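Please go over the structures that come below.
Each of the next two complexes has chain A plus one more chain, namely chain B in the first and chain C in the second.
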Partner chain A sequence: MFFWQILLNSLVLGTQVLLLAVPLYLVHSVSRIYHLALGASGIFTAYALYFALSSAWPLGLAIIFSAAIAIILGFISYRLLDSSVKKKETMPGMLISLAFGIILESLISIMFGTDAKSLTSGVLPVISWGSLHITVPGVITLSAGLVLAVLFLIILNKTPWGRKLASVAENDNLAASLGIKADSVRVQTFMIAGLLAGFVGVMTTLNTALVPGAGFPLVILAFIVLLTGGLNSLKGVIVATYVLTLIPEFIISLSGSTWSLGASWKMVIVFLLAALVLMWRPNGLFISQTRCD
Partner chain B sequence: MNKLKKHLKIAYLIPLFLVLALAGCSRQAATNNANTQMKTIKLGFVMPMSGDAAAYGEQIQRVVDYYLPIINERYKDKNIKFEAVYEDGKCTGNDAVSAMQKLTDIDGVKFIVGGICSSETLAMAPLSKDGHVLLLTPGSSNIAIEGASPYLFSLSYRDDVIGNKIATEVSQYKTVAIISEQNDYNVGMRKNWLAAMAAHPDTKIVADESFPKGATDFRSILEKVRKANPEVIFLNPNAGATAEDLIKQLAEIKDWNGYKLFGQFSYTSPEALKAAPAKSEGMIVVDAPSVNNPELLALKKDIENTKGSLADWGTYYTAATIDTLNITTSLIVELGNNPQAVRQALVTREFNGYIGDNINFKNSSFTSTGNNVSVYIVKNGVAELQK
Partner chain C sequence: MGYLYTQLARFSETAIMSMGAHLTIAVSGIFFMGIPVTYSLAAYALVISQNFGLPLIAALAVALVTVLLASLIFILAYLKLSDDSFTVFTLASILAFDAAVKSWDSLTGGVLGIAGISRPEFVSSLVQLAWFQFFLALLALAIEQVILKTRLGRALKAMKEDKYLVESLGVSSRRVGATVILISSLAAAISGIVSVWRIQFLDPSFGGIMLLVQIVTIAIIAAKPKVRWLALATLIIVLLPEALRFLNLPSSIVGHLRNLFYALILLVMIKNISEKLLPQKRFI
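Then we have the complex of A and B:
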């Protein structure tokens, strides 16, 4: 039973990373930029929800407000990175994104303080099956992760919007010559990414605690997952997410009392695994051929 | 034409310089006049005013805001006025050092009350070794403070005293687990407790888990401890949100019961106990003794009525804060704003205070009064002193 409980806990953690890795993947596809501000953007959205709920707004209005904030942050990100995208300056773009994330985190600290807050009071509601148990936010995270992973695989591979995104990702000039509005696809992608990051921000902090820096470790994991999975393979990202989150959790949890590894070893194992994978396959686990610009 | 412009410029500038010079002189004169009337001495305070442990900083500030005017009234006849300068140590070494440097280099402070978290105090200690500033902490307890600097003194209880007591308390059980946060206070507490447990070989430590500072998800760690099936779990996180989250996530595991919970200072806070009231009920908490001096209790009540709650800081540490203020200011008034002279007095004299009589630092960086600890049991969300 211990094994299954650890698997369940690890799946929730892995899905939180996946839900951030997917928007990171989408933005990278259309812009070639690692949008590291997505972590802070998600936590900013969670704080927006916290603000609305602590101001006694109705739940529906609070959710709409935080979703609007997430979309606005997506749009601001697009505007900030637009110039770098068009000039194909990926490194300055990543730095601009990182700076935006740090600004968002600082704004949160200034507005709400650095002490941890909680979106709910008391112990979280739990669903149990025998000895197995999972929190309700954990269930929502797992379900959303499953649904969204399948949904995005379908959208990207089977819908006209997915084909537009793929063509912009491959060659935006060529896509433009075929009548596809690359800017329009990009702005939509950034806003969807903002919304997804907001969702994962809310779910992660609902399951634990709301602290200004909560987005950074998550986005770093998502970034590692993106590199390890393969930059142009959503399937690779999904597989890499669970490889890089489940294996460290199991190593730590199953380590014995004599050679017990503490939770501080988790990131060591993650980076070690990522390094090993990238040494073996420098372009990621599931890289596929793309046309050069 | 150009010459005329130049002359005009000079003509404008001369009166301007005259006005500025006169203003400067008059201000200097006013300041000199004020200085002859009242000498202001700045006392620095380094404590967590943001972050998880911010509640402690806020509550210490309440004590100081209330008590410093009383001290100033006391020394009014000597024309000495103390002024508090607060800086945020954020419960981390780096921030505490920045705060200390700002206080000493910019504000000219020679005495600092703090840090409060051991991480703050231990990081500041080396910078005080040359004696340009003297540190007195009412709350840092890590035994590494002992001898860390000749200019550092603590009125807190030592972690080894608390660790020994917890070890004695859990020694009546056969198996025990400890969950610790990785920061100076909790690492020190764990180390002292493990050392003390060596004297109780019949009690087996079946799990010794730790998590990094800032962690918020403890579910896998708790499952690992559950697998070890201990009779006792000693929760050793830092104060504030981490302590609350840890016990909340423990309470999520509804079918795991039958163990006894132990805690330290972090679980004297009503907020931490409120996080999962059913789980914390009956928890045994070992901490500094409750101070029952009626004068202190009246003072504490008045501070709470006028400035706000001191629930987290408790009676012992409130008493230690007031004693720190009394001892420091009385020595400054007597010996001047001179850290070396005050240090000499601290290591040779004895002082009376609310935490006890005969407070002295003759053989230790810690107060001589910190040898007894108290055991509290959580009842109805409050850590009650056990008779």
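Then we have the complex of A and C:
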């Protein structure tokens, strides 16, 4: 039963990372830029929800407000990165995104302080099944993750929008010559990514606590997953997410009797695992060939 | 007077570290983000070795070897990964190092850190330390000036233009890249050691993402491969946020305002001078 509880916890954590890896994958597809600000954008959205709830706004209005903030942040990111995308300046784009993320984190710290806050009061509701326990936000994260993963696989592979996105990702000039508005596809992608990041920010902080710097570790973890899975393979990203969250969880849980590793070692183990995988397969586990420009 | 010497020391520490960032990011176009790791690693290795009873010279040697090992990992990553992936990998190393320092509290003191670090006798006062650091900063800038004039410097500048063209001219871009990462790591390590002598306290906040933003901002402002630009950019970035001290703001937000300031400068500078970071566009 111990094994199943660890599996369940890892699935929740993995799904949070996956939910952030999917928008990162989408943004990278259409812009070739590693959008480092997505984590901070998600946490900013969670703080917007916290502000609305602590101001005694109705729940529906609070959710609409925070969703609007997430979409606006997505749009601002697009405007900031637009020129880098068009000039194909991926490195300056990444630094712009990093700077934007730090601006968001600093604004949060100035407005709300750095002490941990909680979106809910009291103990989180827990669902028990035998000796297995999972929090309600955990269930929502898990269900949303599974639904969104399947939905995005379908949208990207089977719908006209997915084909437009794929064509912009492949060659935006060629796509434009065929009448596809690359800018429009990009701005939609950035706003969807902002919304998804906001959802992850809220779910993550529901399960733990609301702190300004929570976004950066999450986004870096998602990037490690992207690199390990392979930047052009959504299936690879999904598999790598669960592999990279399950293995450290098991190492830490099983280490109790011999070395007693704490949960804080998780990031170190993930980094070492990713380093080993990337040294072996630099393009990721699921990419066998890459196309050169 | 103590305040002025502290600022001199801060300028010197930042200049030594930024020399590495300037060579990697601005001169050769390698976006190496692991500088805060080697900066903190050297400081931790030195202090821990001294806590185990090693004399200063031996502790310095341990710190140097530790940083060399870490830079070997970065070099391996540079040789194996694509440019973007290498940058993300080195960014992730900052978080992994931070997690390791916080977790291994029997060795590093965890989040509480290590207090009461003593300075070596030859820099026992702040004045001596500040002048020593200033001397090291001048030395670092002189070394960069020399590097830029040598075959290595020319290869670095050429690598930013076109890595494959450099290869076709018989220069190993892999070796040049590895060399500059090594130089950058060692410069950060020296800066970390002299910084910890000034602060006399070491905890996980030593280094980290904000330090990275600061030095990347300096490297980007000093976009040209000129040492005087680097010195000027360092001076501006170190001293400008000091104005916040005189605005009578609550102490709890001054640090965040400084971070906001650095990030805003970084964003504005990249938006305006990004073409200087990239190979020059040539039309034939």
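Assume the second predicted complex is superposed on the first by the 286 of 293 C-alpha atoms of A that agree within 3 Å, B and C clash if a C-alpha of one lies under 4 Å from a C-alpha of the other, contacts with A are read in each partner's own complex, and residues count from 1 in each chain.
Convention: a residue touches a chain if its C-beta (ideal position, glycine included) is under 8 Å from a C-beta of that chain, and two chains touch if they have at least 3 such contacts.
What you see is a predicted model, and the numbers here were worked out from it, not measured in a lab.
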### Message
Quick check for you: in the superposed arrangement, does A:279 touch first (chain B), second (chain C), both or neither?
### Response
second
### Query
Which of the two partners, first being chain B and second being chain C, lies in contact with A:216: first, second, both, or neither?
second
### Message
Contact-wise, after the overlay, does A:83 reach chain B, chain C, both or neither (first, second, both, neither)?
### Response
second
### Message
With both complexes superposed on chain A, which partner does A:224 reach: first (chain B), second (chain C), both or neither?
### Response
second
### Task
Kindly classify A:98 by the partners it touches after superposition: chain B alone (first), chain C alone (second), both, or neither?
second
### Task
Could you tell me if A:13 is touching chain B, chain C, both of them or neither one (first, second, both, neither)?
first
### Query
After lining up the shared chain so the two structures overlap, which partner does A:61 touch, if you call chain B first and chain C second: first, second, both or neither?
neither
### Query
Does chain C touch more residues of chain A than chain B does, or is it the other way round?
C
### Query
Should A:252 be classified as contacting the first partner (chain B), the second (chain C), both, or neither?
first
### Query
First (chain B), second (chain C), both or neither: which does A:151 touch?
neither
## Note on the structure
Dual-contact residues of chain A (chain B, chain C) 109, 113, 262, 264
### Query
Which positions of chain A touch chain B when the two form their complex?
2, 5-6, 9-10, 13, 109, 113-118, 122-124, 126, 128, 131, 133, 135, 207-209, 211, 213-214, 249, 252-253, 257, 260, 262-264
### Task
State the interface residues of chain B toward chain A in the complex, per the touch definition above.
50-52, 54-55, 90, 182, 206-212, 214-221, 223-224, 226-228, 240-242, 244-245, 248, 251-255, 275-276, 279
### For the chain C and chain A complex, residues of the former touching the latter
29, 31, 73, 76-77, 80-85, 87-89, 91-93, 95-96, 98-100, 102-103, 209-210, 213, 216, 220, 252-253, 256-257, 259-260, 262-264, 266-267, 270-271, 274-275, 277-278
### Query
Where on chain A is chain C touching in the complex?
34, 36, 80, 83-84, 87, 89-92, 94-96, 98-100, 102-103, 105-107, 109-110, 113, 216-217, 220, 223-224, 227, 261-262, 264-268, 270-272, 274-275, 278-279, 282-283
